[in-house]
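What follows is a set of structures to go through.
Below are two complexes that have subunit A in common, paired first with subunit B and then with subunit C.
Right, the complex of A and B next:
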């Protein structure tokens, strides 16, 4: 009896699923970077939400990773300023794919730069979820000799970081149409992929105004390079901000900017 | 009697496969360094490498090596990127003289300057003490990287450490007097050899000419600039750069100074403007440097090596 019910329900279920899926998702576009890991990572980061490949999401990486532990990445989603729920960045062929998730306030220019570790040549992607519930996916290929995620951090050979953990330097720069916050924080950002060195990394970054509300909220993963150097661009700088960081061991660091 | 013997069939197929493989191997380029000693002064020869990056095509032959035939024996300055190169260099020396190789000098820790050491086991291999330590520490990693970049050219190449730390300033070998200068601008320990008998300066990688300089182990652009000024004060008749053509004048040093000063200014300005590393990489080389081989490519590498310290200074 039960089995029969399922069978009777099935056709209508299939029909309803088919009807609810937007047309571009039913015929998924081909990955412009031809990555073997596209479908796998899409499932993890975008799930079944509709998506389009979109050149307006600009992911700046060099052609070749001169240093696989310090690869510069710029993500520029300013074409979608004010219309963003969140931005997710990942590297397809890294053992830990996720790089960051970024929740920009409407007053922020959705542009971020940092440096990452890569284990081998890989596509580096950023997906922007706009308010209409569609992911816009950009990306670029990066060639690398590899090993960036399984190389012990430089700090590991030098106890300097132990007494300087979380020490932050920062500066505000005036750009033509925005203010840029740039900071560097001492942290080993251990991936957990090096023998006997557990995962130890800054997990949360927030740029807060005096009332404590966040202009920028960012979640980082271990592929972000050791002693992260990160920039955020803010459209108007009419209030004081401070930076708040927290690592996966619960250490919190704060710095007035 | 006409039945097919399966074993016979397999044998025939095997022969066919073998023939096919031989044909393929026959088409492969033979790995032979086309190096010819070029006499640049009395008793003095160089083997000039290509002004390129490491590749499977050039087998890593991108640097200049040199040898001086003294009345007593041969002095070798740098041994190239592989055992195969070291052997080819030794064969090139034998074309010129029957005298034995007495002294080998490794100018610095980079793999294209010492991985041919294996071919010179009969000679004393000198290097600055710090270079010896650097090769002991980084040599195997450099060699592995070379296997990855140039492939089979590296076959059987192993790191042979310098056998003797160079602590003297002068050395007389037969009828040639050599003077040694210790610098650090390129890799932290950089040997320059002056043959005072001929006036030829073997500047190694302290000087690149028409091939863009590399910076992965420089202690700092400003240190390199200061040392190049000192180096320019040493009189010479011919200068053999580590990469690029031999020069009679200071053009090599001038080009280096021009570029290093531009690099320093550019990175300092970028850091003061708050640029990200990737934004700095979008900088195009000024016209004065665009005809230097691999200019833009080496600039990108240098930004990765150097920009973090400029950023740090700008906070």
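Right, the complex of A and C next:
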């Protein structure tokens, strides 16, 4: 559908699409991670849109997930900076596959780091939809002993979160060409897969400038770890930023960075 | 295509927003729908089947001749491990039922099939403090929103199609004992709610919020001395102290933690344009600590829905010492007296008396007992004030030798009331009120107590006992013009569910034994019963779809009886918990 739209609206793009992605429709590429869930998840997250496996989408995972409830994952799509519609990340073998969807502004370095829960060893994927309507899919295998999604949140055993929900700690690091924002927010991020504990998680994250427009827009799913730690890189700017969060119960949190 | 593949780009979002806006104009619940709810039999969009709360339906297909053929068409389980008291009244609109379950859960169910459309589970902190089970009594509908209150004292508006949160507002601090259990009501575009927490020394209040946006419109404290506020152009403006000033009917500082929780919600009469909210016990229970009438505890308040000002009040138990909350629903109705129409309203109080008031000004018309025995008052005076039996007030601990326990007395009714939360019904055909009531007594004594945030603030000890071996519950048909009981149905366990009257000459109610029952409205003959598998403590509804009349009721034993029931618990401890909604109709 997207390809069709491009044909009718911008004939000049036809050529580039044809040149750069000549073979998707006829012969789907083989999943480099040989996952039994590839086709299933591709349908859910990419639909019928053309895709390529592309090493330039880098997904960093540890050698082994020592704590399956807190696995650091980095997604780096800086090779496509300025050319991105959105990034979707998922873990093939998690009971809830979707991890996040990320909508970067052109002023943002399209890199994000966060921690996730995993239920067993699984491919972790990131797919970058570029402006020409093609998905670039990267991924990596994560080895884990598992159980991360069906373990009650630590917060569940301790009422600390109840009086500190949404409290955020943040730091700004100055890099050579960017500012790195790292924040941690108190939230149980319950998956709803543990008996008697309903799904309760931060669903929307926005990094906003002083005028309120979003530099980064993220949609999270419950596999993001309890008390999420998320890092964004923003191209150097003079303006101040603040963080806006909303969970699926409708609680909203704001924090100046 | 899946939601991820199509994405949530700006164009799509705008399109969806446009669609839902046009949908609101066509299909959403309007103020008019709510006002006409009683006569529009195709839906149920208000708590009480109409803002007056009469719980009367003009439907006649299910009647005394046909009701024995009533058959269950589906049953929907609330699931989970959270099977506690289910006191909800379902709502039905455009083929979807909206019903709440214990632990602040909301379900949307396809009424044709019983299929779940969506479910919303509020994530509750462990520190919630419901006094009397983790129940919820139902939602309010407005526009494309489904609005309900949570046990951590939040008002939440959900999208009727997706179940996603549209807005959420904090009504009270759950750590101070506030919670929400009643169904909010919508009047003139405002969603209006009370609060629970009278056992924790909260200050009762009634609050109005813009139903579409959740912005607060006004707040009215129900304890004398507290300032009310109204929001004008987003600014909070003082709107008069409830009762004029502090210290008139309360000693010292006790009004600051005075209770008077508005925990059962309210009704509205468009004719006199007033909200009617009942208020609970003054805090603490030990009445010797707070000599005076303790306004506006154990009262009915008439409140202007536009300004939040108190138009009139009627106090049923001044200086309450028995936990006789005055929260019971005040139901507006008209009757003829010598050719003249009387704009009346009736309420059956926890204290055992039923009152008929002039709903324009709150004047007392008449009052009479609706239970067999009342020990604490000899009767009512001309203004409806109880004539106390002084020796039947629990004694002052200060008079005892060690100052630790006052003289215990045996009082009737018990603190759970001649009638508790379960709403009665008024039939426009028989002119009778159908009052679910209980016959029980209590031993009660006072103890010293001081206020501590988030701790029980009672200053009393108590046990409860039954008056009769063969029954506690009594469903009564009461004539509001004479105070006479026309018929009664006796039930072994205490009754704890709401009543529904229909033009089919029927009265429906459930019992803790699990039966949905239907009675002949004129003589009380039981015409139908069906066991739903767990105790019924919810309120039945009826509506019409595709030319057929449906009846629905929520099943799931719980509420305050098994928690506080004392000796009475023996009669109910074998009853099993549940959590489901049953729907019935006649075979074609």
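Keep this in mind: the second predicted complex is superposed on the first by the 234 of 257 C-alpha atoms of A that agree within 3 Å, B and C clash if a C-alpha of one lies under 4 Å from a C-alpha of the other, contacts with A are read in each partner's own complex, and residues count from 1 in each chain.
Note that in this section contacts are C-beta pairs under 8 Å (C-beta built on N, C-alpha and C of every residue); 3 or more make two chains touch, one makes a residue touch a chain.
Everything quoted here is computed from the prediction, not taken from an experiment.
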TODO: Label the relationship between subunit B and subunit C on subunit A in the superposed model as either fit or clash.
DONE: fit
- [ ] Classify the contacts of A:51 with the two partner chains as first (subunit B alone), second (subunit C alone), both, or neither.
- [x] neither
Open item on the list: Tell me which touches more residues of subunit A here: subunit C or subunit B.
Closed with: C
TODO: Identify the partner contact of A:38: answer first if only subunit B is touched, second if only subunit C is, both if each is, neither if none is.
DONE: neither
TODO: Would you sort A:229 into first (subunit B), second (subunit C), both or neither based on which partner it touches?
DONE: first
Open item on the list: Contacts for A:60 in the overlay, against subunit B (first) and subunit C (second): which applies, first, second, both or neither?
Closed with: first
TODO: Give one of first, second, both or neither to describe whether A:173 is in contact with subunit B, with subunit C, with both, or with none.
DONE: first
Open item on the list: Just to be sure I read the superposition right, which of the two partners does A:102 touch: subunit B = first, subunit C = second, or both, or neither?
Closed with: neither
Task: Superposition-derived minimum Cα distance between subunit C and subunit B (Å) - done: 23
Task: Contact residues of subunit A, present in both the subunit B and the subunit C interface - done: none
TODO: Using the touch definition up top, name the residues of subunit A that touch subunit C in the complex.
DONE: 43-49, 85-86, 88, 98, 101, 129, 159, 162-163, 188, 190, 192, 195-200, 219, 248-251
Open item on the list: Going by the contact rule set out above, which residues of subunit B touch subunit A in the complex?
Closed with: 145, 148, 273-274, 276-279, 281, 300-301, 304-305, 308, 311-312, 314-315
Open item on the list: Show me the residue ranges of subunit A that touch subunit B in the complex, using the header's touch definition.
Closed with: 60-62, 64, 66-67, 70, 72-74, 113, 115, 145, 169-171, 173, 175, 180, 182, 184, 229, 231
TODO: Enumerate the contact residues on subunit C facing subunit A in the complex.
DONE: 1-2, 4-9, 80-82, 105, 121-123, 125-127, 156, 164-168, 175
